[in-house]
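Look at the two complexes coming up: chain A is in both, with chain B in one and chain C in the other.
After this line comes the complex of A and B, so read on.
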């Protein structure tokens, strides 16, 4: 297992009022993303636990791209990875960001 | 956990139960926006054992537990995620379900829905998992003794195997879809232990007609058969919660008599098709291919579900 952590400055705060969202399942080639709105508005933190070691460079690129596209300021993302491909990771992160933009009930 | 639904309008329940995640099943099964999770993923109550094996954890350890409303009535609900480690029972996973059942036992008045989707005990934490199964079986019986209805809904990709099959056997009633296989030993386990002549695990048609939902319904192991939709399982849950008899010594005696009768009538049958023929189904070989609505009509004809046993 490898633990990775990426901290970014986001252009703006993530929209919506939702405090928490979870998407995906830890299975082969899949991952779960837990999003929590508990950081200062300009910060974004992505923490990863992955069974596939040695892919830090790829994670770095995927997450930098995600933060640039979605600007999820104020949100901490925690990932449990079951060896997902980069496109699946991007999709799950986008789904999590989308869920956080909904208004809490 | 919020359900992520901004509107309170009736959700689309026509989707597949089999394909849905545990969280989606719970969200769509219950009244919109009513689900409140206990020990949610943000609390990170993960398995203490998986890290030792270099295996990834899941924040809810593969089971969602909480409370909500079903057609306005409060229910406790537990849903296993069959895609995470085959929905298998580990220490934390099992403890969450045991705790839910004990809460139901203490409160006496709130029914429990178990959305089982499991291969049994998680091998990496086998002792803890086996203990969890025993604790859950005891908790189901204690809850039922206290007057709580415990209804199992089975239609997930992992089926309901191993200790999950034992827990299902302890429930007040079960609803199953065609995909929801119920057994203790799985096909490969039987073949490994007893030989391919006893059970050929690669013969998928044999597996489905021996362990699949249609056979379980016709044999009386499951009270209701549901189409593979969330609406089907919601209707089945409401039906069963409204019709389950009280639990007591008479129930157990009736169940014992039912099982003895079953063994006497079908014990010599070599295949499920022989059992269906013995039950009076004219074209038993056609049963596996029947659409859900036709099968439900047929099942209601040949076997009225006994509501005084279990």
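After this line comes the complex of A and C, so read on.
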């Protein structure tokens, strides 16, 4: 296992009011993303527990692009990764960001 | 001073019928083995020894799907003192026996098109010098050469049934047979057919009997490979996302009605999204109505939902026969009710009458050249380079073709501007075993060097490719104005592969502003729609239900 953490400044606060969301599954080649709205509006934190070691550089690029494209300010993402490919990680993160944009039920 | 005599040199030729005389001599040598045209399976090797001469060009019908397997075993067993050093000219190198012929020395030289199941072994044998390679062709190209400089002396073909006059019924998998027979029979060659049964009257005449010299009844039906069945259960969310991008970002804006799909999972996902996502976008009747396509089971839901007007097929697909029989409005069928396929005609249809080819590949380089060759495998080309190329002889206009031509050359004079076929490569940035789809240099180049080939085996040349679709978005290469834009457009959809991470972020940003690169969010694609629940069928069993029980999947696809 490897623990990684990336902190970014987001352009703007994530839309919507949802406080918490979970998407995905912990399985081989897949991942689970927990999103919580508990940071200052300009901040974004992504913490990763991954089964595949030595991919820090790729994670760094994936997370930086995600923050740039979706601007999820104020949200902390916790990822439990089962060795997913970058395309799957990007998709799950986009889905988590999209869930947070919903209004809280 | 001129001393030449008018009237030129007289030919030293003694006869203008040498080919016919040679054929008649071969037929006479086999006469004792045949009863009329019928030869017993146990005499098949003897028949081949009688009619084939050393060094002959032989077409051993190995198609994309059906295989003349009895005749290939019979040929493998010949006495090398009688038959050796053959030049095989066949579209498919599919059975182990096809390569055993070279191991044993029965055959020496090979011209072919496709070697999917034998891709690893054929590479080894080429490296080892066991095979003298002519060239790897596309189907249409090899068929063309049958009529010019690779005409077979002997064709060994497969059919479902024959009558005693040699009339053949090829059934749904007609495939290459009419082309092979045409070239052989009308140029003094000999045609030998293996059939599953000999009957009094064939259900329909696919090959007239006067083109067939011998018929051998096989003890079991010829082998057919189910090549075009993709299990919806194996389709991933990334593949669904690429399919949504293609539908919304290419099918819709160009209005692509006439097209061909490759055999990968991305295009299977497109087929399964037409009745769901396509319906939601209001595209029914506006896109994907006319196909040059094998009978893909994954297209059943779209057919049943009224999307598809008609389909012409290269070959058939195992398990689809009864479904096809029940849908003659959609498929080409004979008076007997079953599918009539024809690889040569369908390839021509794909080349000249389709506005788009969309398919997967294994490697794409920075110019957009793509290849399915890796250093240890040579799968050949089949039909993709022909489907996936701009037909320079095309003259009829259509909206997608004109629109693509306009994007490539916005300043050209419209009535003099060529249109362009849409040639789309689709895939995830990382493929099987995390192999990157994008590479700085194709493995095909290393292979060409190793084998001393004059041409690297490139599946689709970059200048024919118009769009590349990955889960990262669509790169429209028609809108690129120079090589560096093209390179950055490709890097821009290459995701987190080494090629993608080496992108020039500022230039990619500008290309995105110009719509050269379009991300899922640029197209308003909701990442939540990239879900398996969006597939019209999520399993083979769902496809059976959609077909009303008419689709009978082969056992390897059944898990119930």
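Keep this in mind: the second predicted complex is superposed on the first by the 105 of 105 C-alpha atoms of A that agree within 3 Å, B and C clash if a C-alpha of one lies under 4 Å from a C-alpha of the other, contacts with A are read in each partner's own complex, and residues count from 1 in each chain.
Criterion: contacts are C-beta pairs under 8 Å (C-beta built on N, C-alpha and C of every residue); 3 or more make two chains touch, one makes a residue touch a chain.
Since this is a predicted model, take the numbers as computed values, not measurements.
With both complexes brought onto chain A, simultaneous placement of chain B and chain C is permitted, the two fitting side by side without a clash. When the shared chain is aligned, chain C comes close enough to touch A:69, but chain B does not.
In the superposed model, A:78 makes contact with chain B only, not with chain C.
Residue contacts after overlaying the shared chain place A:86 against chain C, while chain B stays out of touching range.
Shared-chain residue A:58: touches chain C; no touch with chain B. Set against each other, chain B and chain C differ in how many residues of chain A they touch, and the higher count belongs to B.
Shared-chain residue A:101: touches no atom of chain B or chain C. Angle at chain A (Cα centre) between the Cα centres of chain B and chain C in the superposed arrangement: 80°, in steps of 10. When the two complexes are laid on top of each other via chain A, the two nearest Cα atoms from chain B and chain C are 6 angstrom apart. By the touch rule above, chain C contacts chain A in their complex via residues 236-238, 241, 428-430, 434, 470-472, 495-496, 501, 519-521, 526-528, 530. If you check the complex, the residues on chain A that touch chain B are 1, 18-22, 25-27, 30, 32, 34, 36, 49-51, 78, 80-82, 99, 102-105. Partner chain C is touched in their complex by these residues of chain A: 58, 61-62, 69, 85-88, 90-91, 94-95, 98. Partner chain A is touched in their complex by these residues of chain B: 1-6, 21, 23, 33, 40-42, 44, 51, 54-60, 81, 83-84.
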